[in-house]
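Going in written order, the chains are labelled A, B, C, D and E, and every chain counts its residues from 1.
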Amino acid sequence: MPINYYIILAIALFSIGVMGVLTRRNAIIIFMCVELMLNAVNLLLVAFSKMHYSNVASFNPSSPVGTEAQVFVFFIMVVAAAEVSVGLAIIVMMYRNIHSVDVNFLNRLKH
Amino acid sequence: MSITEILFWFLSALALGAALMMVTNKNPVYSVLWLIVVFFAISGHYILLNAQFLAIVNIIVYAGAIMVLFLFVIMLMNLNADSEPQKNKWMKLAGAVAGGCLLLVFVAALRQVEFLKLETITPDGPTGLIRRLGYVLFTDYVLPFEIASVLFLSAMVGAVVIGKKGD
Amino acid sequence: MKSIIDLVYLVPLFPLIGFLINGLGRKNLSKSLSGMLGSGVILASFIVSVLLFNETRAEGFTATTVNLFEFINVASLNIPFAFQVDQLSAIFLLIITGVGFLIHVYSTSYMHEEEPYHFARYFAYLNLFVFSMLLLVLGANYLIMFIGWEGVGLCSYLLIGYWFKNTEYGNAARKAFVMNRIGDLGFLLGLFFILQQFGSLTFSEIFPQAQGAEVGILTVITLLLFVGAMGKSAQIPLYTWLPDAMAGPTPVSALIHAATMVTAGIYMIARSNILYTLAPVSQTVVAIVGLSTAILAATIAIKQNDIKKVLAYSTVSQLGYMFLGLGVGAYTGAVFHVMTHAFFKALLFLGAGSVIHAMHHEQDIRKMGGLSKKLPTTHWTFLVGCIAIAGIPPFSGFFSKDEILVNAYTHNPILYWIGLGGALMTAFYMFRLYAMTFRGSFRGTHEQEHHLHESPWQMTMPLIVLAILAAVAGFIGIPELFATDAHRLEHYLAPVFEASTKLKDAHTLTHSTEYMLLGVSLTLITISIVYAWSRFSKKPETNDATGFGKVLANKWYVDELYDSIITKPLNAVAAIFNRYVEKSGIDGVVNGVGKSIHWGSRQLRLLQNGQVGTYVLWMVLGILFLYVVTIFF
Amino acid sequence: MVALLLILIPLLGGLAAFFIKNESTVKQWSLLVSLAAFVAICIGLANGNAATRNFEAEWLPMLGSSFALQMDGMSALLCLLATITYPIISISTWKNTYKSANSFFGLMLLAQAGIIGVFLAADGLLFYFFWELALIPVYFLCSKWGGEKRIAATFKFFVYTFVGSLLMLVGLLYLYYQTPNLSFSLQSLYEVKLTVAQQAWLFWLFFIAFAIKMPVFPFHTWQPDTYEQAPTAVTMVLSALMVKMGLFAVVRWLIPLFPAAAIEYSNIVIILSVTGMVYASILAMQQDDLKRLIAYSSIAHIGLMSAALFVNNESGLQGAMIQFFSHGVNVLGMWIVVNLIEQQFGTRKMSELGGIAQKAPTLTILLVIVALANVALPLTNAFVGEFLMFNGLFKFNAWYAAIGGLSIILSAVYTLRMIQKVFYGNSNAVTANATDIGTMAKTGLALIVIAIFVMGVFPKPVFALVNDTVTMILGIYK
Amino acid sequence: MNLIIISAVWGIVMMFSGLFIKNKSTAKTIALMGAVALLIANLFDLSGVMLINTNFNGMLLFDRFSLVFLTVVIIALIFYFLLSGKHIEEVGNHPYEYFALIFFIMCGVALVAVFNNLLILFIGIEIISIPLYILTGSDKRNLKSNEAALKYFLMGAFSTGILLLGIAFIYGGTGSFQVEKLAMPSKDVYTIFLASGTVLVMIALSFKVSAAPFHFWTPDVYDGAPTVFTSFMATIVKVALFVGFLNLFTNAFSVRYGDWKLTVAIITALTLFIGNITAVFQQSVKRMLAYSSIAQAGFMMLTVFAINDMSKQGMLLYAAAYSLATIGIFSVLVKMKDYTFDGFNGLAKKEPLVAFVLTVCFLSLAGIPLTAGFFAKYFVLAAAVKTGADLWLVIFAVLMAAVSVYYYFRVIQAMYFKEGEPQTIDTTPMFKAVLIAVAALIILLGMLPSLLVNRLLL
């Protein structure tokens, strides 16, 4: 499997996430799209990890190369989780005040 | 076409399709569910890429915990398909085009690599094993690991400050 | 060598002291004191001048330079504050201090109505003028000359505007100053050319080099200097200030606008004679301008009714003759005419002043008439002046004008005949003036008639002295035709004009031609005088002029012409500059930058429309743009 | 040491002034301080050796900049001007009253410190520092105590000059990196070897800064507005001293740094300057406000000076130097008169004034003398300078001198118009109760008149003083 | 390292104090003690003394620059607490928690300053960002605050995605997250990954430091957030992120300078342009300061553009000058009811001292000599000029600096030259004393920047 397939897949997912952020008005969906972007990055990292491993695998099959990317993915998940908790809290707070999660209503602050 | 390849194409199609469904679906609950599908597809890819531990974590943390949280909030707010008014048509179009262009530009930039026939992926290796990961995490990456606790603490405090009712 | 020459600085110093005392102490000095002081210092200068003059007459006297101190000294440019004493400056010294003294004395009486404060101011100005004029003629280089040159212009301005409450007078003063300044600019540029060409402004260094210089450059230099002379000596096209300058007190007109300051241009050209001699084109220009001015001013004078205006145009006209003389190379003639003119024109002005004084500041000759009985001294002296200026022998005007005209004839007979035409007009208008003022019957009010009386001795004494001088001064330049020791003045001045004389082709007229010319001119002048006398004694011209006469009475509308081609356009241009170029144009651009920033700010902040979607879209576009720029460029 | 004193005296004096609450005390204090500065410059002039005059201390070694002050002839002359100007301003505006006088005089003295600093700095960064420091107090002075439209006008002035000086800063920085030893010292900057192309654009960066300050046409539009709106005492500082900063800087920081460019572009600069002379003179004829009139007249004079600085001959440079001083003195005299008029009649409009001469003869006479110096009549100080400058300009190009010479005529036109409209004629309702000049102001004006004549007749000491600077500049051209 | 630990610990201390101490106003005091503790800890760091011996496996790099910078930041923090501590307590019901969050942010700040691994950078940024989302929204009843928090959060999360994509690409190119290894792609064909990653990381960091065209969140968030916290994030947080930015590009990517120089130049120019121009038309001082912070970011971007020794010095000085001045201004602003320019009319008459200090602060922001702001600008411009190329950018920058004078001076004009009924500001002698100290420090640095810059040399 050539690595660039994965790269393209990841980028495609990322772009779909971006598209979602751009086209939706619901704050939660937008947030979900961001999560999709993060996952795309995770996939990309793992693919790269594999790529770098493959570069050395032929002469050193037990090489640690690539492990750190997976650790990084692990941390991304951690951060994402923290972010989700705070993000959802903010969204809920917003919802409590204006009974909507439509980002288009966020226009008191402008110019 | 080997089994891996078949799996790859299947999972990719699934991921992309589900992602698109998620973005386009009007009902937030369905979106969440489609997103979970994407996560599962990605976990599948992880396995293909020899990242078994991550695959599991992804399902547990993401598809499990995080998405449930989302779902919970959506249920709480009682959002449904009709509650979200559509964005301005032009904005939507612009958004879609911009996202598409992003894809295009990235692919165009990375295409030069494609023709060089990057190495195919070796089927297996020790990289993604939990043992290896655990070792690295608690040796080289112990510092960020510890520091992540600060992150969690602050997120926790934050959630309390923001979420606490009555003030 | 310690001689009187070294004390030359005393000559301008006395008037300067007079100026300072009168100027600073103007509040504390009594009228008689400041009058005495003002006159006394000029007398002192006169005495020194006479001594100097004696020195210059000595055999073998050469021009002497007296260095006082360093003025401007910057490596390549060294201009000392120095005086030069030679025959030319000596003779001017005599004229200035001599006539000046008489006029000061005259003024003490003429101005006695003024308050002490203004009286002292008047004498301060007058002394300052004499000081400047002395600097002008004593300067050993063009810069000192220029200092005096501008100084006299200033004093002229101050004295014309002496009665500052009157806006008309103020305007006249400004006009005089500005027109003088136009000339001064030319003069200044001339100085720069001289500096460039000769590397010095000192006469004694420039003139010896002159013959080596290119004719073209000399022509430019001399023309520019002549522009200066036009302004100062009221020649076409810068003559219009002089008639207006009659706004000043009459003694001032006599001193500044007749006897001395206006002759500064003649002095300057006479001083630079070698340069002009070497630049024939300039000489021709000088001659033509001089002659045209002489004729033009004479025509205007015919129709003027203001006693001082007539004299003013007459002055312009006479100055024209002097320039004609200079233009045809008759430097001595010009200087000679300066001298005689100083006498008779000062006489005429003072006489006019006496009349005006008697008439209680009435200047219109249509309202005079028959004054000969009431003002006998004034009348007789005025008549002497008229005869002198008309050119009847043996009065001084005859000799000096004759010398110029004869020289013009040798140069080009046409000049002579035109000049003669001017002389006829001179005789005509002078006797028109005389007749309308002194002959016939009195046309003024009863009150004026009641108060008519001869002026006090302070005023008549100068008149008498000047009348004598006007009558006899001609003999010092008497032509060979009449005497054996002819041309004494020319011999005296010869060293000054030596270089020029050498270059000139010496063709003199035969005596028979001279007699012929003399006969013709005398006949015509006499006819003209008799006609004017008889006509205006009997039937004075009391109505406003009509037809062509009106054009003359309105001075050929030259003032109006200047107003419409220079003053008004300039003001319009200034207004346009002020309104459009400055405010809308340059400042508009400056403010426009500010405004466009403001405008840009208003527009740019609309980007910040409050919508997260838009923000993210912009961000994505930014990412796209930057990514493309980075990767593909 | 003297150089340091010259800056410190007004600086500390100014700071102290902020704490003096009593108005008359603070006036006396500021006069005292400015006199002390005058004494200092006298010491400097009397004692020509470099050790006494100059000063150097470590300041920012890592930036290659030191607190270096250097007083050559030109600096000394301008410092003298700055220290003479201040006491005269104090004396002649003694009767003016100000709200919060302590700040006013404090800021005035601070501005003096800045201006003197500009004249003395021998280090690029320090120069820039003072350049700006002179501006800030003036900004506050104008905005706080000025006329009706002061805020906008002053702000325009401030931003305008600030833009210029920032451009200069860029140039200075670039230059700094070209020095072999990475130093801002004047010496190092002079030694930089630049290509012609580099000189070209650096020249313009610097020149624009200076041109705005001077100001040279077409960068002048801030000036009439600012002069009009500023309190007159500040206008005096602005026109007598601050515009000299631009001219000074051309001599000290522009021509020696970029001689090739200075020669190359002298034509353009001179054309601009000459255009400005005539243009400003024409505009001056149109003005009704006395301050605007003098402002335009000042622009015309400055035009001549800036042209003379670029003619690349001794006559022009010497003339410009002496004119630095003369113009400062003369324009100061003009402002004093304007101030007296404004204080007494509450208006500066010529159309509303008239006939003052009847009631105030002494004032009139003094004004006439100053005005005549302004039109450069011989035996006044300005004549010497203008004569030399025109001569220099003439050597450069006769036509420029001829065209620029028109301003000689025009200056007479507008100056005399002013005298006539304000002083001559009959008095009207506004001027009916005019009183003559007071003793203090008379003293101030008399000092100026004395200076006018002394320098007009004996300019030699000034020539001697600035000779070293002129020689240096001409040496650089070669 | 001491600093990281102490700040994390003090955050927890603050949390627990909240549990046991009911008196709201004690929070400030404890926080101040914490800040002083941080300062001491940092001084220990500077002198090489470690309170706790940790092996951080090359994850952190304590260079002189970062440590000195942290000292500056902590001093700014102390001033911030002294001047605005009282107002932090008044924002909502959780004073101790706010302080705790601030200390957590300080931990993130320290991480961002000393990171040597992209992971640390990422976590550091997140530790800064997440509490900031909360602080922004801490005025829960205020819809503006809510809105700001949500906007900030959504866009912040989006930029996190970009950052991670960039990091992933960089990893793809080099196979490492260690800063020192990021310069060389492990294979030539991977160069494109590295280049893509670099630009994406640059974009994400630009977002964090509010550089255009990724600045859009800034005005809204700064405007909507409670003013005390705006003060905090506009100063300490922003400069910290800048130092991270600068460190990353100096230590990692400077060898590939040619690849991204143009990009950063474009960002810089755009930032300067948008920040300065848009600020001109603002009517509210708070919002103007938000745009001004964008504009100032433009100047700080010049240090990234230049990447040389001067740019570090410049960054340090800029951080100090900008933080001090902005904290000073905000500390007064927070006491005012009317945030418009007219609200400042006539302030000088009523509060001459406050007006004077504000003037000094604004002059410093405008970069007028004799204030620290001048040398800050001077250094960054010098850094940019030193590169010897792209002088257009420098000239553009100074022109924009001139524009900035316009809006800064509007406040000065209002205070001194305009008449008006000034608002009452309740000030204590303590407050005034600290304000004077701020002004004095600004002026001192304006005369002798070497006092600070020389700390970089050992």
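Just so we're on the same page, a residue touches a chain if its C-beta (ideal position, glycine included) is under 8 Å from a C-beta of that chain, and two chains touch if they have at least 3 such contacts.
Note that the structure is a prediction, hence the values are computed from the model and not measured.
Chemist: Could you tell me the least number of steps, going only between chains that touch, from chain A to chain C?
Modeler: Step count on the best path from chain A to chain C: 1.
Chemist: Give me the set of chains touching chain B intersected with the set touching chain C.
Modeler: Shared contacts of chain B and chain C: A, E.
Chemist: Using only Cα atoms to place each chain's centre, name the chain farthest from chain D.
Modeler: So the chain farthest away from chain D turns out to be B.
Chemist: Could you tell me which chain's Cα centre is nearest to the average position of every protein Cα atom shown?
Modeler: Closest to the centre of all protein C-alpha atoms: chain D.
Chemist: Could you find the two chains linked by the most C-beta contact pairs?
Modeler: A-B
Chemist: Quick check for the class: compute each chain's Cα centroid; which one is farthest from the centroid of chain C?
Modeler: B
Chemist: With chain centres taken as the means of their Cα atoms, state the distance from chain A to chain B in Å.
Modeler: Going by mean C-alpha positions, chain A sits 5 Å from chain B.
Chemist: Any idea how many Å lie between the Cα centroids of chain D and chain E?
Modeler: Their C-alpha centroids are separated by 43 Å.
Chemist: CA centre of chain B versus CA centre of chain D: separation in Å?
Modeler: The answer is 70 Å.
Chemist: List the centre-to-centre spacing of chain C and chain E in whole Å, with centres computed as mean CA coordinates.
Modeler: The answer is 78 Å.
Chemist: Would you mind listing the residues of chain E that make contact with two or more other chains?
Modeler: In chain E, the residues touching two or more other chains are 119, 123, 126, 130, 133-134, 137, 140, 149, 151, 154, 158, 192-193, 196, 219-220, 406.
Chemist: Which residue numbers or ranges of chain B touch two or more of the other chains?
Modeler: 87, 91, 94-95, 98-99, 102, 106, 109-110, 113, 118, 140-141, 144, 148, 151, 154-155, 158, 162
Chemist: Scan chain D for residues touching two or more other chains and write them down.
Modeler: Touching at least two other chains: 159.
Chemist: State which pairs of chains touch, listing all of them.
Modeler: In this structure, the chains touch in these pairs: A-B, A-C, A-E, B-C, B-E, C-D, C-E, D-E.
Chemist: Over in the complex, which chain C residues touch chain A? Could you list them?
Modeler: 605-606, 608-613, 616-617, 620
Chemist: Show me the residue ranges of chain B that touch chain E in the complex, using the header's touch definition.
Modeler: These residues of chain B touch chain E: 106, 109-110, 112-113, 116, 118, 139-144, 147-148, 150-151, 153-155, 157-158, 160-162, 164, 167.
Chemist: Taking the complex as given, what residues does chain E use to touch chain B?
Modeler: Within the complex, chain E contacts chain B at residues 4, 8, 11-12, 15, 54, 56-57, 59-60, 92-94, 97-98, 100-101, 104-105, 107-108, 111, 117, 119-120, 123, 126-127, 130-131, 133-134, 137-138, 140, 149, 189-190, 192-193, 196.
Chemist: In the complex, go through chain C and note every residue touching chain B.
Modeler: 613-614, 617, 620-621, 623-624, 627-628, 631-632
Chemist: Going by the contact rule set out above, which residues of chain A touch chain C in the complex?
Modeler: Going through chain A, the ones touching chain C are 18, 21-22, 25, 30, 103-104, 106-111.
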